[in-house]
Every structure is written in structure tokens, then in C-alpha cells.
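Provided herewith is a single structure, encoded as C-alpha cells, for subsequent inquiry.
Note that the chains take the letters A, B, C, D, E, F, G and H in the order they are written out, and that residue 1 is the start of every chain.
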Amino acid sequence: SQKTEGHESDDISSCPLISAFKTFQLELDTKHDKYERLVKISRDITIESKRTIFLLHRVTSVPSTEELLTESEVKLDGVRQKIRQVAEELRGEDLYQFHRAFTLGIQEYVEAVSFQHFIKHRSLISLEEVNCRLVFLNGDKSEEKGIPSEKQGPQALTFQVTPTDYLLGVADLTGELMRMCISSVGNGDIDTPFQVGQFLRQIHDGFSYIGNTGPYEVSKKLHTLKQSLGKVEDACYTLRVRGSEMPKHMLADVFSSRAALLDPEDGVA
Amino acid sequence: SQKTEGHESDDISSCPLISAFKTFQLELDTKHDKYERLVKISRDITIESKRTIFLLHRVTSVPSTEELLTESEVKLDGVRQKIRQVAEELRGEDLYQFHRAFTLGIQEYVEAVSFQHFIKHRSLISLEEVNCRLVFLNGDKSEEKGIPSEKQGPQALTFQVTPTDYLLGVADLTGELMRMCISSVGNGDIDTPFQVGQFLRQIHDGFSYIGNTGPYEVSKKLHTLKQSLGKVEDACYTLRVRGSEMPKHMLADVFSSRAALLDPEDGVA
Amino acid sequence: MSVTEMFSNIQVFLCADQDIREDIRKVVQTLEQTAREILTVLQSVHQPSGFKEIPSKCLRARELFCIIRDHIGDLKTKFPVEQYYRFHEHWRFVLQRVTFLAAFVVYLESESLVTREEVAQILGIEVDREKGFHLDVEDYLAGVLIMASELSRLAVNSVTAGDYSRPLRISNFINELDSGFRLLNLKNDPLRKRYDGLKYDVKKIEEVVYDLSIRGLTKEQEAVTDK
Amino acid sequence: MSVTEMFSNIQVFLCADQDIREDIRKVVQTLEQTAREILTVLQSVHQPSGFKEIPSKCLRARELFCIIRDHIGDLKTKFPVEQYYRFHEHWRFVLQRVTFLAAFVVYLESESLVTREEVAQILGIEVDREKGFHLDVEDYLAGVLIMASELSRLAVNSVTAGDYSRPLRISNFINELDSGFRLLNLKNDPLRKRYDGLKYDVKKIEEVVYDLSIRGLTKEQEAVTDK
Amino acid sequence: MSVTEMFSNIQVFLCADQDIREDIRKVVQTLEQTAREILTVLQSVHQPSGFKEIPSKCLRARELFCIIRDHIGDLKTKFPVEQYYRFHEHWRFVLQRVTFLAAFVVYLESESLVTREEVAQILGIEVDREKGFHLDVEDYLAGVLIMASELSRLAVNSVTAGDYSRPLRISNFINELDSGFRLLNLKNDPLRKRYDGLKYDVKKIEEVVYDLSIRGLTKEQEAVTDK
Amino acid sequence: MSVTEMFSNIQVFLCADQDIREDIRKVVQTLEQTAREILTVLQSVHQPSGFKEIPSKCLRARELFCIIRDHIGDLKTKFPVEQYYRFHEHWRFVLQRVTFLAAFVVYLESESLVTREEVAQILGIEVDREKGFHLDVEDYLAGVLIMASELSRLAVNSVTAGDYSRPLRISNFINELDSGFRLLNLKNDPLRKRYDGLKYDVKKIEEVVYDLSIRGLTKEQEAVTDK
Amino acid sequence: MSVTEMFSNIQVFLCADQDIREDIRKVVQTLEQTAREILTVLQSVHQPSGFKEIPSKCLRARELFCIIRDHIGDLKTKFPVEQYYRFHEHWRFVLQRVTFLAAFVVYLESESLVTREEVAQILGIEVDREKGFHLDVEDYLAGVLIMASELSRLAVNSVTAGDYSRPLRISNFINELDSGFRLLNLKNDPLRKRYDGLKYDVKKIEEVVYDLSIRGLTKEQEAVTDK
Amino acid sequence: MSVTEMFSNIQVFLCADQDIREDIRKVVQTLEQTAREILTVLQSVHQPSGFKEIPSKCLRARELFCIIRDHIGDLKTKFPVEQYYRFHEHWRFVLQRVTFLAAFVVYLESESLVTREEVAQILGIEVDREKGFHLDVEDYLAGVLIMASELSRLAVNSVTAGDYSRPLRISNFINELDSGFRLLNLKNDPLRKRYDGLKYDVKKIEEVVYDLSIRGLTKEQEAVTDK
């Protein structure tokens, strides 16, 4: 665009105002470019995290969860490599300056990693645990790129998820848990719904304890969270009420024959 | 759709509930059809009225208004024939039952007819004057269609514009007057803007006298009306301020030479 | 006539209009009050104990409809009869409510659908617009649809009260109603929206019947009835 | 006390509250009507012919303020004085309007800013909340800001009417007002929004003065005045 | 070409657009009417008596689809085919409805999922946009999801009608459908919302199967089938 | 008095007002914090394990209400008592919340409806406006309605926890509450909207009772109780 | 084809759509960048010094239009041509901007109204939709209206630059344009709103002409021209 | 760590965050107060009498900037310096305002554009983020744009005050500024929107210069200057 000045460029570019504005342009473009790069990485993080969640939902319909968990771990490792890129972009920067660019991606990652954690441990991953996985040793990367060891050393690159992003990710997790609970009922799993119910109540109580202390986005999620909890409680209720019609050992029996019915190729029952 | 019942139609149509619903269908369809017919006529009224307004706006750019007024009169006669159709549909009905179907058309007619009236007389047409033009002698129509004279007689078919529709039409008129005023200034007419200004102030005062006594739609227009008035007052102000720079007789002189400049083919000046 | 005079005249008209509306609003409030009382009477049929008292509750409701008739009589005096639709919105809602109540009473008494004529008679109004203050067909149908939703609740509560045959009868009734409504060519208006709600009532009742069927409780009942 | 009794008592209370609000609404309506009449009187000053009649228009407005005082007197009787803020929303709007009208009359008469005390006196109310039905400072300021916008219109129309000196006086007045408002620490409330509008009025009037200046019309006037 | 001529030409163009939309709207209305008739025919399968008549109902529906084809044929003539997306919103809703109806008929006939090709053929339209008026994949999927919800209702009513094997078959079918949808990476669009509803249909049907299982009614059926 | 002086005075006034509001906001924040703590205590009753601990949870909540009383006592000192309605909006929300909490505690303790007097006593405030900082009847009713919705959740969760008799008692209680509300003539205000939600709670609980009845689980319970 | 295969295919399709939109967005951004550069070139005509350099500025702009053509050429490859309206919103805004720039260049060069054909040629696109990526008539008109507003500014600045004849020519041109638009029966759409702005441009230019007339500056110019 | 503990920890963090924000808000309020005082001082330059007093007004403003520096010094102590952007929104608005004031003072003093370095120095802050509390380039530019709008007002008022050469100088200055901004690649952010407003300022000033040109008042001035 500098060329568009045509033959006046000499007069104009000599003008101090114009040269000042040229440095502004540089500064704005640098910032803008970094922002855009972060937005793109964040979008990738979102997509891959969503895919991981998607994958993890198959837990309700496959016989063994091991394979699924391994597969999800690989995917999440990929996501973490992306978050490493974010951390690199932010080296020496004020994290909050670009926060809006990557907040959605990070929330989605929290959602995915906490979903995986719940499936594995039936508990809530803590913010500290989330952040522990986001410590990147300088070694890994510089080796890859063959950067001289100058900057290598004990100090590692870290990314800190903000408490708010953590909360927002966990709030969205509850929606996924609700979906998983409904699917579980639909697939004859009678334990998961009650575990999800118990867990969701704890998170709900946690959020209602925080109330409107946090930022607006957090309190806004409370309503959706309540609805998810309601759906899960209804599902547990239905299971209990229907289960009441027969003794528990018979129930298990029913479900095993049921599974046989669904997978006739297993050929056992 | 009666046929879709298939072979059960015998059992079902004998059922009193179903036959009751068939009469409801008839009643609803009749009403609905009448409503739809009125909507269509109303849409035609709107379009033709808008075209008339459009035509009348040319008053600011043509030398003689006579021809324009005659042409607009022909168009409005056409609109009134449409309103006659509305009146015929409403014969024996409660006007308000179908009011929503034709209110927009009628408002637009009021707008057109009051615009024409202002151009002719520089005054506001009254509701009574509007309604006077909507008395249709039975004769006209039955002759055309050759209907036997049975229903002919002294009693005429009338259509009564409601005060609210009249008000809403007049409110919209103010927008057109504003446009005319701006165009007049743009075309070197120095009297019209002041007349429009004076007139618009009167209407504005009238509406602000009514305030929120009327329905919500009326008070809602007050804001737009105020804006139109502001634009017209600004135009008058500009004319006065610019006019202040030379004596009035010179001003007229300027504008006649200006006209000559615009129409060199007139060849006089 | 000056612009000022013209607007003064219109102002007079508008004030008169407002006064009429104010009067109507007051009568409508008393109507709503009485309608709420009738509702309270009829609500008790949802209680386990209420099932035996249906006839007496209906009688009580019938008495209260006299008051409704008086209020509507009062309402009629507030505006010129041929301008019904000018003020329709004011009483439309309550008229649909009392139609629902009338339809519910009639259903409880005879398990049949109240006709528009019957509602009109219960409310002391007309069916034909030409004859006076009347019941619009849309308002009649809206009232019927409110009742449908009340019946789906009744089906649920009958089971609680141990009456296993009523849900089946309600199911048949609602299905017939649904067929009737499907004959109608409804526009995208409030009635259409309300009718969309009927699907949920139908489904709910179907589920009740299903619950009874799978437990053989419908046959049990038939057996009882057969005896 | 049974639930039914409890709710019956509550109903009595709620009705009383609704009655008060209904009464207030009625008085407020008449207030609005009179306010609109005063507005009609004062608006005529924008007409080219109206400029000479300002004194007589002001007199007429003053007469109508007597009626305003009566209405407000009536309003005071409708509710216990210490519940002013419970019902404030009902009359807030109209009170700002009549404050504007009072401020406009006073400006037209004396080209000075009406004080809150003067407004209170014109309306027959108090300045201090403790003494009775009073004029909130926010409502007073809102009324003053409505007037500012009316004055920018007046500046434009005075030029049209050939009065070239009035805009200059209005300009001085509005600038003083603007300085006054700049002393206030307004929150993000409706008043703040209205005050933001004042900037446009200031600018508008400055442009009028500019138009006059560049054509030498301000000096011409001064010459006239000097004679 | 003078400016006037240019603008006259443009005016002709603008009017034409409005006329096209008006024409489309009219055809769409008749389409909706016929769609409603097909729905009425197919609704009867939910009745206990209806289960035996499924084949005849399907035949009747197939006949009515001829009329649908005619209407759509008519629709195609109303606008240039390459402007499909310019007017898409006008027929999107009804196209999803008739896709649902086609999918439902095919399911009732063969208990299989209709393909997009089959729907296109039933409606007399194309699958590929390039070949003419076509069925968008989103609209096809929306139609399929409406059917899923209808099938959950059918599962409930089959039990009432004493058919205990149908719910199992519906369950398998819906599970397969659900797996299919899981493959899709839906954005937060209307389709995603509709798909979320599918989970409830799956759950409802599973509950029916469960109810049958604990009562040994699935085995009974198998036994019957085995014979 | 110059314009500048006038506005300086006004500024003093506005600052005082803002200070009061700031003070109120702070106390309200601590009130909200304590209210949230009570909520956390009471919400644990929805856990399967929580049902046995209801008495101890109620005791704990009662203790926390002492802190609430202190905060409210503090709040009272922040503004002149007769200006309650001027600042009402600041604490309205939290007052409804703590009323809900008080009503919930009382229900859990005694399965009865808390009276306005009891709430006032628990919160250390008045019932009559004249006597001091009081509990508006609308705020009391809003609190009660929030509880109704919590009870419908409790009915569902009691079943999950294996307590089949509680839903029946809740159902009776809610029905009584519903009758009470039907006595009230609510306007189209927030309260009315909340009350409309009560219908859903009633229906929800009825469906729980239905589910228990059709499975004979209500009788089973009775049998247990009979022993 | 299994259900799984079907859905896999569908997934591929859905992703493709998102990719297309992403691609389009990118090209549109570069288009906007170049458009801004052309604007900077043309803006200089408003400077007193700029008036003499109009021809060279136009040449420079013409050069930059080559880049525009390239970008648009690129854009065309991003989506199937018959899906123009599916993605129209993405480039609508920038297309109106470059149409304005083309119209402005043409006006500066020849003081005539660019035709749609000429714009299409400058941008390397079509007029007829059937022939490929085209310029919608609404977008053409929008671009022309943006230019009208730029011309009213040019009229003002011509006077400052001492060119007294240009405003008269602009005035004639704009009047002709206005007459053209009057022939159109515009709906209440964005175009209508833009067209309403034209009246103000006409008015502004007329005021300039008026200012020149009363000072005899138009005649002076004529005299100069006559020589 | 239990879920409850985890949420308690977060709650502690959130409370601390709120406290910081509360502290910041308070300092920002005092900043706004002082900024308003400086504005009042500088506003007087728009008065005819004010033109002679520009130097003394600037001195007075410079004094008040000491207080601004103190407030900002106070602000810096309220939060960790490396978290500038976490709380940026709180002071962004006021920082743009004081930047505008600094730019305006500098313009009035020297008719040149204040540099970012100068603003930083006047406010006692940094230009580089790394060095401490700094002035963002966007905020600097926003402040400059606010000044541009103030200058268009000043151009108008200079004419009123009889100073015919200042508008020409302002026009040159603003044009240069406009060229500068056109170099920037602004996103669709608030700055872009503000920059769009610059067009109106440019246009307004062009019209003032036009008014002077057509009356030969620019030459007159030049003549005066030449002497």
C-alpha cells in the first residue's frame, strides 16, 4: 500500500506524521497477525477437542473402554502440542492481551480433558492437574527444530489455564455428561447414570456456591447446567422406578440377554 | 381432503364430532378466504397508493402541476374502486373482524390522498373529507356488471376509515412531506419548504396533543414525525440563512436564470 | 376546520374509546375471578379422593356458571354489539378459559365433547355473530384444546386413583378429537400453535395406556367390566 | 392459620395495592393530558408568527399550571407519603415532562435557568423529600435536559423567523448549562444518556451561530441593537 | 442508452423478483396441504386397528405422492433452476416434511432407511444440484430425524396393540441411525439441535424394550417367531 | 445562585446517594455469599445419602441464618428506613432467595408452609412496613414459589433414593399451595410468570406419583407404614 | 450402501461446505485491501492540488483494477458458479465498494454514468447471471449511490479549489441520476434507505450551485467557457 | 481434593479478583473526575472570548495533568504490572479521554500532532509494555480521533470568533491525519468505527473552508497574513 502514494510519496513519507503512522501500522499489524495466528490455533484446538469428546461418547456403545481411552489420549496429545504453540506465541507477552483469541479453544480443551478424566476416574480433574499437563520441556521442541541449545535449560515453557476458562470448560462438560447419561440409559448401562447424577450434583452445588461471584459468562451457564442436571436426575429416577419392578440380579440378567440380542455375532448367549 | 379417510370414511363421517369439525372447517375456510381476499386487495391498494405518492413527488421537478394532479386523480379513482371491493366484502360484517387484513392498505391510501390534497390546497384533508370520497352509489357497479336492480336503491355502499387508520396515514404523510421539502430545496423552490414547515409543525403539534391517548402504533410514529419535522426546519433555516445574503428580488432572478441553465432547450433566457 | 380542531375531534374519539376499554377491562377482571373459582372446584377431580365427587363438583361448577352468565350480561352493555371485534382482544383470553371450563364440566358429566351451541348456552351468549355477543369458532376450539391438555393430566391421575379404564376412554376421546382437528386447515396463528401442543397430550396419554397394557391392567379392567 | 386463610389475607393486601396503583394511574393520565395542553401552547413559539406572542403564551401556560397543581394535589391523596418511591415509576415520566414545561416557560420569560425550588413551587410540591411529595433531583435534571433540546430547535426556528440575536443568547445559556452538567458525576443511568444528547444540542446551536457569523448577520443584529 | 432507459430496465427486473416469490409461495401452500393429507393417512398406523392396515395405508400414501410430484414439478417452473439457493428458504420447511413422510412410508414398507436417492425419486427431484431442483443433504437429514421421533411413538403404540416384536426392530433401526449420525461432525446449527432430540427417542425406545425384557415378552415373541 | 453553584449543590446530593447505594451493594454481596452457603448445605438433601441427614442439615442452616440476621441488621443501618422502596431493587433478589431458603428449611423440618411472620422472624425483619425493614408480600410469595420448584426436584430424587412415600406428601403439599395461589388475583408481573411455572411443578409431581402408583409402590409403602 | 457408508459420505459433503466459505473469506479480505488502496488514490482528488492530477490518478486506479480482476478471478475458482446466491453475502459488501470505485473513476474520466456492462467489464465479471459470476443489479445501484455521495463532497471541494463550473456539471449529473432512481419502485430494503440519502446529496449540491449563482460565479465561469 | 474444596479454592481466587477490580474502579472514578475538570478548562476555547486565552487555558490544563499523573501512579499500585490487559477494560475509556485532552492541549499550543511518547510523558506512563503501565497504540489513536472531532467543532467556532485562518490550518492538519489513518489496516473493531467518524469531521471542515472560500474570506486572511 506504500506504493499507492504515487509520485507524492517523497513529500509525504518525509512528513513525520506519516512516518509515525507507518510505525503504528507495523505495531498494529504485528499484534493483529499474532492475534490471528492465535485465533487459528485456537480454532484447531476447538475442533480437535470436540472430536475427542465425540470419540469419547462412543464409550457408551463399545464393550471395552481401554482402546477408546488410548485413542483419546493420542488426540489430546495433539491438542497439547497446539497449546504449546499458543504458549510459544505468548512468550514474554501479557497473556491477557490475547486472551480473547484463544479462550474458546482452551475452554473446549478443558471440556475434553475433564471428560476423559471423568470416564477414567469418575472424578473432577482439578485446575492444577489440567495445568500440570501443560508444562512443555524446552528439550522436545528445540531438538525437533535443531535450535542451538542456547535457550535450552531447566526452565520449561508452561501454559496456565485461567480459573475462569477452567470453570467455563467444566460447565460445558456437564452438557456432555448429560448426553452420556442419556445414551447410557439408552444402551442398558445402569451404573453410569447414577454416577453421573451424583457427580453432576456436586458440580452443580459447586457452581451455585460460586453464584455470581465470577464473571458473567460463568453465571450465565448456571441455567443450562440446571437443565442438564434435571435431565440426568429424571433419567436416574426412571431407572429406579422401572428397576423397582424386578429384583436386581434379574435385572443384570435381562441386560446381558439384551446385549446378546444386540450383538448376535458374539454368539455366546 | 375428505377422500383421504379411505375406507373408514363411513364410520368416521357418521361420527357427530367429525361432522361438527367439518362445519368448523367450512366456517374457518370461509373466514380465512375472505381474509385472504382482503389482504390481496389491501396489497393492491398499498401498491397503487405508493405509486400515486411516487408520481406526486414529481411535482418538485415538473413545470406544471395540473397534469400531474389529473393523473394522480385517475390513479386514486382506481384505488377507490379497490376500496369499494373491500366495502363489498365487508357488507354485513363486523369491520373490525377483518381490520388487520386491510389496515395497511387504507393507511397508505390516506397517505396518498392527503398528499394530493396538500399539493392542491396546502391544507390537511379531514377524516370526513376522506370518508366522503368513499361513498359508492350502488348504481355504478350494478350497471357495469348488469346485476338486476333488485338491490339498487337510494342506500349507498360506504367505507369508513377509522380515526386510527387516518392518524397513521397522516403520520406517514409527514415523511413524504419531508421528502418533498428536501427535493424542493434541491430544485430551487423557495416557497414550498416554508409552507411544508408551517404545515408539519401543525401536524406535529396535533400529534403531540394526542400523545399516548391513542393506540401504541400512533405514539410510536411520533419519534419519526419529530425527525421529519427537524429535517424540514433545518431546510427552512438553511434557505433563510442563505437567502439572507441577497435581496429577495435578486433571489427570484437567480432562480429563473438557474432554471434556464437547467433547461437550455427552453431557449428564452 | 383547522388542523387543531381536527385533532381535537379525534382526541375526543380516542378518549371515548379508552373509556369503553377501561369499562370492559373491569368486567373482564371479575369474569377472571369467577373463572378461577370454577377452576378451583374442578381441579379437585385430580385428587385421588376427588374421583368419587365428580358429580357434585360438576353441580357446583354449574352453579358458578350462573355468575359467569351475569358478568357476561354486564359485559354486553359496555359497547355497541356490532363492534364485537373492535374489543375482542380484551375478552378473548377469558372466553377461551370459560369455554374450557364448560367443556371440562360437560366431559366430566358425559364423557362427550361439548358442542359450540352448548357452550354458548352455558355462557348465555350466541353462536351466530348476527344474533349478538357470540362465541367465535376459534375461541371455542382453543377452549377445547385447553381441555385436551387437562385430560392428559386426568389420565395420569386416574391411574394414581386406581381407575384403570378411564385412561383408555380418554385416549379414544382424544384420538377422535385429534382426527377432527386434522381436518382443519389452520393458519400460522395462535390456534395452530395450541394445536401443535395436542400432539404432546396424545403422546402422553398413549404412554399411560402403554403402561397399563404392558402390565395387563387394561385387560384386568375389561374383565372387571365384563362381569 | 390454614394455607387458604393465609392466602385470603394476602389477596386482600394485593387488592389494596392494585387499587392504589389504579387510582394513581388515573390521576397521572389527567396530568399527562394537561401537560400536553401546556406543550401545545408553548410549541407555538416555533412558528414564525409565534415569536411575538411569547409573553401571552407564557401567561396562558402559567394559568394551566394551576390545573397541574390541582392534579398533583389530588395525586398526593392517593397513597401514604412515605411510600413515594414505591410508586415513583408511575409519575416519574410525567413529572419530568412538567418540569421541562416549567423550565421552558421560565426560560421564555426570563432567559434564565429555573431552579429546583422554582419548579417545586410551580408544581406545588416540595424540594425536600422529608417535607412531602417532592421533586427528585434526577427528575429535575431530566426536565432541564429536555428543555435544552427544545432550545436547540428554537435557535434554528428563530433564524427562520428572522430573529438573529436569539440564537446567540441561547448559545450562551446552553454553554453555561453544559458546564454545570460537567460538574456532575453521572453514572451509566438514563440521565447520563440524556446528558450525552446535550453535546449534540450544543454543537447544533454553535453551527447556527456560525452560519450567522459567516454572513455577518450577528453584527447586523448588534448594529440594530446598538441603535 | 439514456439514464432513464437504464433505470426503466432495472425496474422491470426488480418487479420480476417479487412476482417469482409470490408464485413460489402459492405452490408451497398447496404442497403443504397435500403433505397434511399424507400425514393423516399415515397417522392411523398408531391406532390399534391401524397395524393391520399398514400396507394399504402405504399404498394410499404412495398415490398421494404423485400429487406431491406434480406440485413440485409446478414449483420448478417458477424460477430459473440455478437460483435454487436464492429462494431456498421458501420451500425448505415443506421439503423436510415431505422427506419425513417419504422416509416413514419406506420404513413402514420395508423397515429400512430411505436413501437420499429414493427420496429424490419419490419426490421427482434430483440428488445432485447440478442436475436440477435437488434435495439438500441437510434437508434430507432433517426429514430422517423427524421420522425417528415418529418411530419412538410407534414403538409405544405397538405394545398397546399387542405387537411386541416391532419395538425391538425399531430399536435396532434407531440405534443404527444414531451410530450414523455420530459420524457427522455437526455444527451448532438447527440440524444439531434436532439431532440432540434423537437421543431422547433412543432412550424412549430402549425403555420400551426394557419393559418388554423384564417381563419376558421379548422371548415369548422370539419363541413365536421361531415357530 | 449561579448555575455553577446550583450544580455544585446537586453534585453533593448525587454523591451522597451514590455512597448509600455503594454501601448497600456491599452488604448485599455478603448476604448473597451467606445465602449461597445455606443453599449448599440444603442442596445436599438431593443426594441419595442426604435423605437421612435432613435434620442435621436443617440445624446447620438455622445456624447460618444467624449470620443472615446480622447482615440484614447491618443493611438496615445503611439508609433511612422510610426510603425502603427507593433502594428496594438492590436487595429484592437476595431477599427472595433467603425467603426461599427459610421456607425450604421449615418445609424440611415440619413439612408445612412457612408463614410470612415466620420468615420475618427467621430473617430478623418485620412484616408490617410501618414497623421497619420489612418483607414485601410479593417477595414472600416469590420465595415460596422458588421452593415449590425445589420440591418437585426433591420428589424425583426421593424416588431415586428409594423413599417412595415422600413424593405423595409433597404432592399433597403442592396441591394445597396451588389452591392458595389460585385465590390470588395476580397481574402480569414477574410473580405471575413465576406462578405459571408452578403448574409444571404440580404436573411433574403428579407424574412421579403416577409412576409409583402404577407399579404398586405407593401401596407397598403404605404396607410398610402400616406395620 | 450401509447406513455407516451413507453417513460417511454425508460428512465429507458437510466439511466441504465449511472449507469453501473459509476460502471465500480469505479472497474477500485481499479484495478489500486492494479496494482500500484504490480509494486512497482517488481520495486525493478532493485536495486543491488534486484537481489537476485527476487523469493521472485515474490511470493509477485503472492499473489497480487489474489486481481486483485477478482477485475476483481467484474468487470464482472457489465455488461452483451456479451457487452464487448460496454464498452471496460473503462478497456483497466488497462488490458494492469496488462498483463505487469503478463508477467514480469513470465519472472522473468522462463525467458520465458507468453502465452495469462497463462495471462488469472493469471487474472482469458478467452482467447476466447465466454467463457466470455476475454483478447483481441491486449491488450495481448501491455502488452508484455511494458515488453520488462522493460527488456531493467533490462539488464542495471544487469550489475551494477555485473550480466553479464543476459543481454545475455535477448538479446536472446528479439530477439526472435522481430522475432515474425515481423510476424505480424500491421496496423498504437497504437500497431504499441508501436512495433516501441521495436527496441530501442533491440538496447539498444545489446549495453549492445556489451559493455560486447569487455571487454571479456561475456566469463568470460561463463567460470564461464562452471565450 | 474434593469437588467442594476445588470450588472453594476457585471462589477465593474470584473474590480476590473482584477486590482488585473494585479498587481499580475507585481510582478510575477520580481520574474521570479530574479529566472532566480539564475538559471544562479546555472547552472554553470554543467561546468567542476564549480564543485569546488559549495559552493561559493550556497552562491551567498542564497543571491539572499533574493530578492525573498522581491518580495514575495510584492506579499502578492496585494490580501486578504484568497483568495490564487483564484489567485493561476498566481504564481504557478514561485513558483514551485523557489522551484526547493531552493531544488537544498540545495541538492548541503548537498546532502539531502529539506523539505517543509525549502523551506517555504527560500522563507519567510508558510507551513500551515491557517497561510498565503503558499507553496502547490503539488507545493513543482513539484519543487522537476524539481530538479530530473536537477540532471540527473548533473550526466552526473560530469562524464565529472571527478567526478565518484557523479553519484552513485545521483542514490541512486533519487531512494529514486522515492520510495517516488510511495507511492503517484497521479491523472491524471500535477503532475502525471511530475512524469512520473521521470522515464526517473531514467533511464538516471542508464545508467550513468552502464557506470561507466562496466569500473570499480565505484570501482576505491571506492578504492580512501577507502584510
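Just so we're on the same page, a residue touches a chain if its C-beta (ideal position, glycine included) is under 8 Å from a C-beta of that chain, and two chains touch if they have at least 3 such contacts.
These numbers come from a predicted model, not from an experiment.
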Option in B-C, B-D or A-F whose residue-number contact pairs overlap A-H by over half:
B-C
Contact-richer chain pair [B-D vs B-C]
B-C
Report the inter-centroid distance (CA atoms only) between chain B and chain E in whole Å.
45
Could you put a whole-Å number on the gap between the CA centroids of chain C and chain G?
61
Distance between the centres, which are taken as Cα means, of chain H and chain F, whole angstrom:
50
Euclidean distance of C-alpha centroids - chain B vs chain G, Å:
35
When you check chain A against every other chain, which residues touch at least two of them?
1, 205, 209-210, 213, 245
Where chain E touches two or more other chains at once, by residue number
33, 36, 40, 179, 185, 211
Show which residues of chain G lie in contact with chain E when the two form their complex.
1, 3-4, 6-8, 10-11, 13-15, 18, 80, 82-86, 113, 115-116, 129-130, 137, 141, 176-177, 179-181, 183-187
Can you name the residues of chain H that touch chain G in the complex?
175, 182, 185, 203, 206-207, 209-210, 213-214
Interface residues, chain F side, partner chain A - complex
32-33, 36-37, 39-40, 43-44, 46-48, 153, 156-157, 159-160, 162, 208, 211-212, 215, 217
Can you list the residues on chain A that touch chain H in the complex?
1, 12, 15, 17-18, 20-22, 24-25, 27-29, 32, 92, 94-97, 99, 123-124, 126-127, 163, 166-167, 199, 202-203, 205-207, 209-210, 213-214
Touching residues of chain A toward chain E in the complex: what are they?
50-51, 54, 57-58, 61, 179, 182-183, 185-188, 235, 238, 242, 245-246, 250-251, 254, 257-258, 261-262
